[in-house]
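You will see subunit A twice below: alongside subunit B first, and alongside subunit C after that.
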Partner chain A sequence: MNHLDLLTFARGSALNWALIIFAAGVVLRLFEILGLGRKADLAKPRLNSPGSGWRTIFTRTLPPEGMLKRDPVTYIGGYVFHFGLFIAMFFFAPHIEFFRSMTGLSWAGLPNALVDASVVAAIVALGVLLAHRLNNRVKRMLSGFGDYLAWAVTLLPLLTGYLAYHHLFVEYTLMLALHLFSVELLLVLLPFTKLFHTFSVFISRWYNGDIFGRKGVAS
Partner chain B sequence: MSATLSKGINSFKEMIDAPVASFFSSCVHCGLCAEACLFYTETGDPKYTPIHKLEPLRRVWQQEYTLLGKLGKLLGLSKPVTDAELEEWKPLVYDSCTMCSRCAMVCPVGNDMTYMIRKMREGMAASGHAPKDLIGASTRSVEIGSPMGIRLPAVKAQMKHVQDDTGIDIPLDRVGSEYMVLMSSMEIINFPEYLAAIARIMKQAGKTWTLCSEAFEATNSGIQIGASDIAKVLVQRVVDGAEKLKVKTVISPECGHAFTALRWEGPNLIGRAYTFEVQHILEVLDEFRSAGLLKTTGFEEARLTFHDPCQIVRRGGLLAQPRNLLNMVAKNFVDTADRGKMNWCCGGGGGVSAIEEAEPLRLQAFKVKKAQLEETGAKTLVTACANCRIVLEEGLEHYHMNIPVMGLTELIAEHLTEGE
Partner chain C sequence: MKKSRQPEVLPGTVGEGLKQRGVTRREFLKFCSALTVMLALPPAMASVMAEAISKARRQSVIWLSFQECTGCTESITRSHSPTLENLIFDLISLDYHHTLQAASGEAAEQARMQAMKDNEGNYLLIVDGSIPMGNPGYSCIAGISNHDMLVETAKGAAAIVAVGTCAAYGGIPKADPNPTGAVSVADIVKDKPIINVPGCPPIPVVMTGVLAHFLTFGGIPELDSLGRPKSFFGDTIHDRCYRRPFYDQGKFAETFDDEAARNGWCLFKLGCKGPVTYNACATTKWNDGTSFPIQSGHGCIGCSEPNFWDAGPLYQALSMPVSATGSLLGAAAIAGAAAGVAITWHNRSTKAAAKAAHEKVTVQELTREEK
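Up next is the complex of A and B:
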């Protein structure tokens, strides 16, 4: 199999299978969570609670007063990584073209230099966050195989994408195929690792906001 | 598997619902919850990380309610929860969690660890891994009527004492009163000034009120130990008393968890909505204030600060009321830097103050309160929970800090305009 065949496979059946597993996995995991349901709360809520779940989905993105100082590496590293990844994923012109071919939807991209900088920032942030995970006693205690696996499969698409864009290390077609494989690995693992927070964070934040909102506390 | 362990695991399984599953699914092991927990910040020991305290519950969730976990269990790859592990977790689930919910305010993915600890304690109690002091308190609550073993004659003695002191009649079992007043054991034993304050405030406001001989105790050991059956019996007493006396409102005293038990858990425990309202005493006082029924004279001159009781403020929603009331009687009120819903716990909530072996850790965790208080330079500390108050007093004494602690209701009563 030559590099082009590999790329064709990566773009073809490999991608299809990855997307199927990803979609089925996400649906399964959402069902596993929401299917458990919760009992209706019979306590009369305070009047000022409507919409609190939705509000918390947004407000919880910002650090509560005093927390940024307590662990700036996690907060700043977290922001830089998430923003960098988001920009690379959705605002790199070839990616938009890919989404257009899949869904018919397209939008304006950002200049390549900006996307490139975002990717570098995200990669650096991932490195810093890994070092922090290894050095911080709490994080180290909480971390297991799943945490390091999630870190690695998140790094790979960023790294291979960067190398492919800059034509580094290996021949471009091969690197592009590797980039696609790394994305496919991420798609397959996402529903079954902590990376599922991509979806479940909206549910957990909503519940938090709802639970506290019923008591009259903006959380 | 022992019969008690399987009871505990079954209880865990019963307790796991969609919020719990979403919380465990979302956790990215960032460790920020540790930074919000006084047991971690004051000891530096990572085992006090809130989400870590839930590890056995998390594994039951994973093994029972996720496809991968079920597969792992089938293939014998997963680590089962054992009695030894639950025993090891006992100090994490009870001694070092006051259910204060500060961690739930900071978790970036929105996990409510207290919601889960409350559920986890059900399985801990069912499997025989609850602290003996909480078992004792719960037994006394069910058998005698109060966790501290107080019976009606003790309440009557205090009523008489307050009656003699204030010259105000203390009503008992008066049908059709607007308010039914509850007390905590701590108030009956240690802080009789609470009942005296209520009597004077109600007199000034011109409201009818009563104590109830069958339901005078507001505290609820059941929700601390994690035994909903016990919690239900204790709430039912209050409900029966309130419905028998046909009161409009039951007043939860200056006690944190009593408010959580009565206001938020109660209807769910008994399986129906109440036919009456439940209000915390500070809510009642603030309503009196805005209706012009609370008239005070003079101001406290000393610099004073307020300790927000977790269950009343962060988990109870009374953010504005304490400050409205304090500003009526204090000229020199200063808030702590972390205040309101971000205040630090006294370290003794959630049953912790009742657990004897937890005391050294509790006093160590108190350093955060010490620092908060020192920063304000306050000469008096006001709070609105009798348990916080006793824990604060003990902590201040331990650290040789000469700061008196008082209840807000009592402070308001001291400034009531007399002769009206």
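Up next is the complex of A and C:
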């Protein structure tokens, strides 16, 4: 199998299966989580809480007072990584073409130099965050295999995409195929690892905000 | 370059032949300098090449055409005159070529056998077209199957040049479902140096370059992992494309006739396969350096890559899936929802069963147990 064949396989059958597992897995997990339900809260709400859940979705995106100074690496690293990944994923023109082919939606892309800078920033942030995780006793104690796996499968698409774009190490077509395989690995694992926070984060933030609002500690 | 009428019997060396045709030494040095640049050789090699080629006897070449469309031959013979490309015919003694030779039938086959005998171990074998491994009758010449003719002729060859994507990698005849069982030259011949010059058709000057290299150095140029001369196939079309700056700026043509296309913006969204295609089209260009497909407004279809015909739709961006669609995602989501309902039902049943099986313990019972 030559490199173009490998790329065709990556764009073809491999991508189909990865997308099937991803879509089915995400919906299945959402049903599983939401289907568990919660017992009805019979207590009278402490405050007039409507909207607390929705507000929390946004307020929890910002660091609580004093936390930025206390743990700047986690916060700043987290922001840089997530913004970098977001820009690379949704504003690189070839990626937009992928989304257009799947959803029919398209939007304007950014110049490659900006996307490239975002990718570098995201990769550096991931490296710093890993170093911090390994050096910080509390973080290290809290980390398990799933955390390192999530880190690795998130790094791989960024790294292979960067190497492909800059024609580094291996021939471009092969690196592009490896980039697709790394994305497919991410798609397959996302619903079943901590990476599922991509979908559950706003649901859990809303729930926390709502339930705490009812208890009188709305954020 | 001026050309006089071709003499009936060409002299032995290339130099003599060129002189007879009125090609001056200056003109020939210019030709060698251009080839040196294209072959990515040091500039000083131009005079070495001129010297070597002048003194060389005209290289005996046997050209076999198998499952092909004659596009490769057309590409070379229809190149503008006078150019580097058609100098190929001054450098070689084309002893056998179905399309170009005057002889036919047994006389033609006799010419091949004679050339093989006279130049045993020294002739260059050029092949265009793929070789059918299914029924030999799919393609045969003078009653000889393509496979047998290739094996027989390759035995005494110094080297083989597989011209065109069909000979190099199987090409369009090999495209799924490959009804004739087409294979490439390299799939059959394992004991001879093979230079692949793919393209549908290949660039004529690449052929001239390969021959000049062979005559100068007596060997084959440096090849990449797919057997192509690195000097011509070292870069992708995309990396050498004059539209590349637009790709980097995120400026793309959305249709073949929109304002962006007219402004020369990148054709990536229209399916250009330039990023994964290694060839020299963007630098050497076609038709006497006039243009190349992307310059004419059509994306590259990747014709110099193996199995390019089966590498996904020609008019879809390279980053688009080959076959996945939104419907596939939808169907997967429905399957996921069904599985989710089943799991939810199972979880709730487990919860309900646990609740039903729950036995209340009284304080008295706990007190008794403690005793």
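Simple rule for what comes next: the second predicted complex is superposed on the first by the 216 of 219 C-alpha atoms of A that agree within 3 Å, B and C clash if a C-alpha of one lies under 4 Å from a C-alpha of the other, contacts with A are read in each partner's own complex, and residues count from 1 in each chain.
Keep in mind that, in the parts below, contacts are C-beta pairs under 8 Å (C-beta built on N, C-alpha and C of every residue); 3 or more make two chains touch, one makes a residue touch a chain.
The structure displayed is predicted, hence computed values, not measured ones.
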**Request:** Once the two structures are overlaid on subunit A, check if subunit B and subunit C clash or fit side by side.
**Result:** fit
**Message:** Between subunit B and subunit C, whom does A:L4 touch in the aligned arrangement: first, second, both, or neither?
**Reply:** second
**Complete:** Geometry row: CA centre of subunit A as apex, subunit B and subunit C as ends, angle in degrees (steps of 10) is 170
**Request:** Kindly classify A:E32 by the partners it touches after superposition: subunit B alone (first), subunit C alone (second), both, or neither?
**Result:** both
**Message:** Going by the contact rule set out at the top, does A:G216 touch subunit B (first), subunit C (second), both, or neither?
**Reply:** first
**Request:** Once the structures are superposed on A, label A:L42 by its partner contacts, choosing first (subunit B), second (subunit C), both or neither.
**Result:** first
**Asked** Looking at the overlay, does A:T173 come into contact with subunit B only (first), subunit C only (second), both, or neither?
**Response** second
**Asked** What's the minimum Cα gap, in whole angstrom, linking subunit B and subunit C in the superposed view?
**Response** 7
**Prompt:** Which subunit A residues are contacted by subunit C in one complex and by subunit B in the other?
**Reply:** 28-29, 32, 35-37
**Request:** Give every residue of subunit A touching subunit B within the complex, in rising order.
**Result:** 28-29, 32-39, 41-44, 46, 56-57, 60-61, 63-67, 70-71, 74, 78, 136-143, 147, 192, 194, 196-197, 200-201, 203-209, 211-212, 215-219
**Complete:** Per the touch rule above, subunit C residues touching subunit A in the complex are 225-226, 236, 239, 247-250, 252, 268-269, 275-276, 302, 305-308, 310-312, 316-326, 328-330, 332-333, 335-337, 339-341, 343-344, 347-348
**Request:** Quick one: which bits of subunit A touch subunit C in the complex? Just the residue numbers, please.
**Result:** 2-5, 7-8, 11-12, 15-16, 19-32, 35-37, 93-95, 97-98, 100-104, 108-113, 167, 171-173, 176
**Contacting residues of subunit B [partner subunit A, same complex]** = 16-23, 25-32, 34-36, 40, 44, 46-47, 49, 51-52, 65-68, 104-112, 115, 263-268, 271-274, 313-319, 337-338, 341-342
